[in-house]
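Per-chain residue numbering starts at 1, and chain names A, B and C are given in the order in which the chains are listed.
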Amino acid sequence: MDALRFIAKRLLLMIPILIGISILTFAISNTIPGDPARLILGPKATPEGLEALREDMGLNDPLYVQYGRYMAGIFQGDLGESTYSQRPVADDLIRYSPATFELTIFAMVITLLIGIPFGIISASRKDKIADQFTRIFALLGVAMPAFWLGLLLLLFFYLRLGVFPGSGRLDNGMSPPDYITGMYTVDALLTGNWPVFISAVMHLVLPGITLSAVTVGMITRMTRSSMLTVLQSDYIRTAYAKGAPENRVLYGHALRNGVMPVITLLGMAFGHALGGSVLVEAVFSWPGLGQYAVNAINYLDFPAVMGVTLLIAIMFILVNLIVDTMYFFIDPRLKHN
Amino acid sequence: MVRRVVSSPLTVLGLVIVLIIIVSAIFAPAIATHSPTEVDLLSKLEAPSGEHYFGTDEVGRDIFSRIVYGTRISLRIGLLVVLISFPIGTILGAIAGYIGGRVDQIIMRITDIFLSFPGIILAMSIAAALGPSIENVMLALAATWWPWYTRIVRSSVLSIKHSEFIEASRALGANPFRILFKEIIPNSIAPATIQASLDLGFVILSAAGLSFIGLGAQPPSPEWGAMLSNSREILREAWWAATFPGIAILLTVLGFNLLGDGLNDVMDPKQR
Amino acid sequence: MALLEVQNLKQHFTTKKGFMGEKTVIKAVDGVSLSIEEGKTLGVVGESGCGKSSLGRSILRLVEPTEGSVKFNGQEIVGMSPRGMKELRKEMQIVFQDPYASLNPRNTVRKILEAPLLIHGTGNKKERQERIESLAGKIGLRKEQLNNYPHEFSGGQRQRIGIARALMLNPKLIIADEPVSALDVSVQSQVLNLMLDLQQERNLSYMFISHDLSVVQHVSDKVAVMYLGKVVEIADVKKVYKDPLHPYTRALLSALPIPDPVRVRNRIILQGDLPSPANPPPGCPFHTRCPMATKECAEIVPPLEEKTTDHFAACIHT
């Protein structure tokens, strides 16, 4: 019951943020310099023709009317038409988002599998060689331009060694698995399509590692500092003092409390990965939202750019909501407040 | 304080990197061995050598010289973005924290909205709307960066707002403007300043990313992100074109990071 | 006419709790009346949490009073326009308890002392510097020390700087909020003597807020004893210390060390804790801890009455 109330409260608090986001994206769309009508009709347009199109497009209405129309459109799933693909933006977003989801989730899994153990090792061997090594590794991860790491991985593992494919989601000529979630690895697993599954995973490796570089650095650092705080706390000293074996102290007492705060950072890390996916997808020709956005930018396709922006912001908020809810269930203190 | 900075080898490393970048930017014409933009088709796609330290690109431009000149672009971006967003964020944060109530709520809800976009995505859409140019990328980054300073400054203002020296100022009849600028901001700006020095690196990184997808610097500008974007076409033939500009970005971000972390340790009163 | 005349002053704080906001009202100052004559000192004593600091801040309108009247030189302060208030701030100043927190750590002492003059646009540059230097001399600072920062001074020195700042504008009244309680005992008397000298020299009035009864006895002409936001006793210092009428005053005084080894001390130990000002007891606020309490005490709120000539107390049993 408490959990339901908590989630309901968080959902309620999301409403003003969502309205704010829509105002901001609307404002950005309105800063496009120049007159959209002129952009469409070209330099030879007559004043009458321009005026008629402006009236037709609703550009002469007051801003709040235009905003109202924009909001009404969003609620009906109408995000305008992509000038590049000539399809409704909403359809394009549905088509491209599973690939981005698959990539970011894969990157987050790598992040957790590497970041948390590295952070724990680093903290438990504070100032020893393993710690120094991990800290430099994490620092490099945070400072690393992901798109550059992607290029290096392409150079080495694709062009030089040829062990991993360098672009796309599947080998050439392979047809995607039956559509269930749109994420090829998941769909292939569900339909038992092993060749496709293996190909999909192979294609995920390089972009996934690239995308996770920054977040691995973040999570490693956070885990390390949080574990250090816990390891220096009185109850851990007490555990040592009463003669508990080191491993039991570390894994029994410290781990749970040390890793918990890291969860709060997951939302932020996911946001980073979502943002980074734009660049990483461009490097690996990964047909997701990021590449769609980059293409849209190059073709001055604003409805598409704004559609991606809005969708990613909403995804980011939802992820944060999920993370908060998880934290609510894990941290007993929150349940009583 | 100087001794504390020097006592940490990583901070010294950061300082050295930052100094190298500044020196390269100032003395770029003296350091560069070639023109950063001159095309020389006779020596295109040359591997690194004594003549071209970092090799040449597909039209024979010297990559080393381009990277050296690129420090000017990157430093300018970093500094300008921070110089725009820092005062805006600081003043809004100080106002929010000091005045409180409804003003605080409005300002903080606005920052929440900006922070509910992944930074690079918001900057991307603003830059895309303004049109591809380096100035627009700077504007876009400044527009996404200020809320961080607002948050940091607000929380440090909240921690000193009820200090007796602020009350003393009010008892003397100082107006809110004076209290804000003479008493509150000078005493709550330190954490945000440290963040700003860290951010110099991250701003440069983000700008390079936006240039990489075609939004920022346009060819033939020797901007590192644009150079990397360009290198994709010749990845098979010229590994050096994809390697060195990236190292430059990495080192720059690393340098400002190490310096900022070092400053943080020095300024943190708990460690004094 | 008294210099400062406070009538029925109330300072209530509302705090919201929780999401839906159940409000609690904390009556920090609850109907205080008192006055201070020119050149005299009123001591205000009470335990921490009794509202004596809130009273000082309320009088200066550092916190807006909820209700009541504060007259300075016959002029009503509550509700006064910001411009008029700014003028009046020259006349009444405050000295704070914590000399470490009351000086801006980023400014030199010279700047700290100049601020009041700049705020009120007093004098030109030369005149301002002269005034700073002359006051610095008064509080025992050398000229060179003016360019130092607060952290380079001792607590006592800082408190003297705080006093100098309060004096920069030549005020008539100074509210001193526990001005010596953060200082070492050895330094306390230096600061107190400085305050007394300055009072003589400039005919200053003080409202001296403290929890320390001996200090208050030493500096005050009149004393007000506060308990849970109310004045429970007020009279000349001699009357209060020799012949306390309120049981709370008696209890406080019984804890004072007596410099006479032969006399037997009859210490009254108060029962229980100070009740929360958010939830004060009904009737006499002191009845929960009072050794003399009877049934009526829980019902009747005792008014502050003149029990003997110029000696006021709020107790139905005296």
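Remarks
We take it that a residue touches a chain if its C-beta (ideal position, glycine included) is under 8 Å from a C-beta of that chain, and two chains touch if they have at least 3 such contacts.
In this text, all values refer to a predicted model and were calculated from it rather than measured experimentally.
When chain centres are defined as mean Cα coordinates, C lies farthest from subunit B.
No other pair of chains shares as many C-beta contacts as A-B. Taking the mean of the C-alpha atoms as each chain's centre, subunit B and subunit C sit 51 Å apart.
Subunit A and subunit C have Cα centroids lying 58 Å from one another. If you average the Cα atoms of subunit A and of subunit B, the two centres end up 22 Å apart.
For subunit C, the set of residues that touch two or more other chains is empty. Interface residues of subunit A facing subunit B in the complex, by the touch rule stated above, are 16-17, 20-21, 23-25, 28-29, 31-33, 139-140, 142-149, 151-152, 154-155, 159, 271-272, 274-276, 278-279, 282-283, 293-294, 296-298, 302, 305-306, 308-309, 312-313, 316-317.
Within the complex formed with subunit C, the residues of subunit B that make contact are 163-165, 167-175, 178, 182-183, 186-187. Note for the complex: subunit B touches subunit A at residues 109-110, 112-114, 116-122, 124-126, 128-132, 201, 205, 208-209, 212-215, 225, 228, 231-232, 235-236, 239, 242-243, 245-246, 249-250, 253-254, 257-258. Taken together, the subunit C residues at the contact with subunit B in this complex read 57, 60, 62, 85-86, 89-90, 93-94, 96-98, 101-106, 115-116, 119-120, 162, 165, 169.
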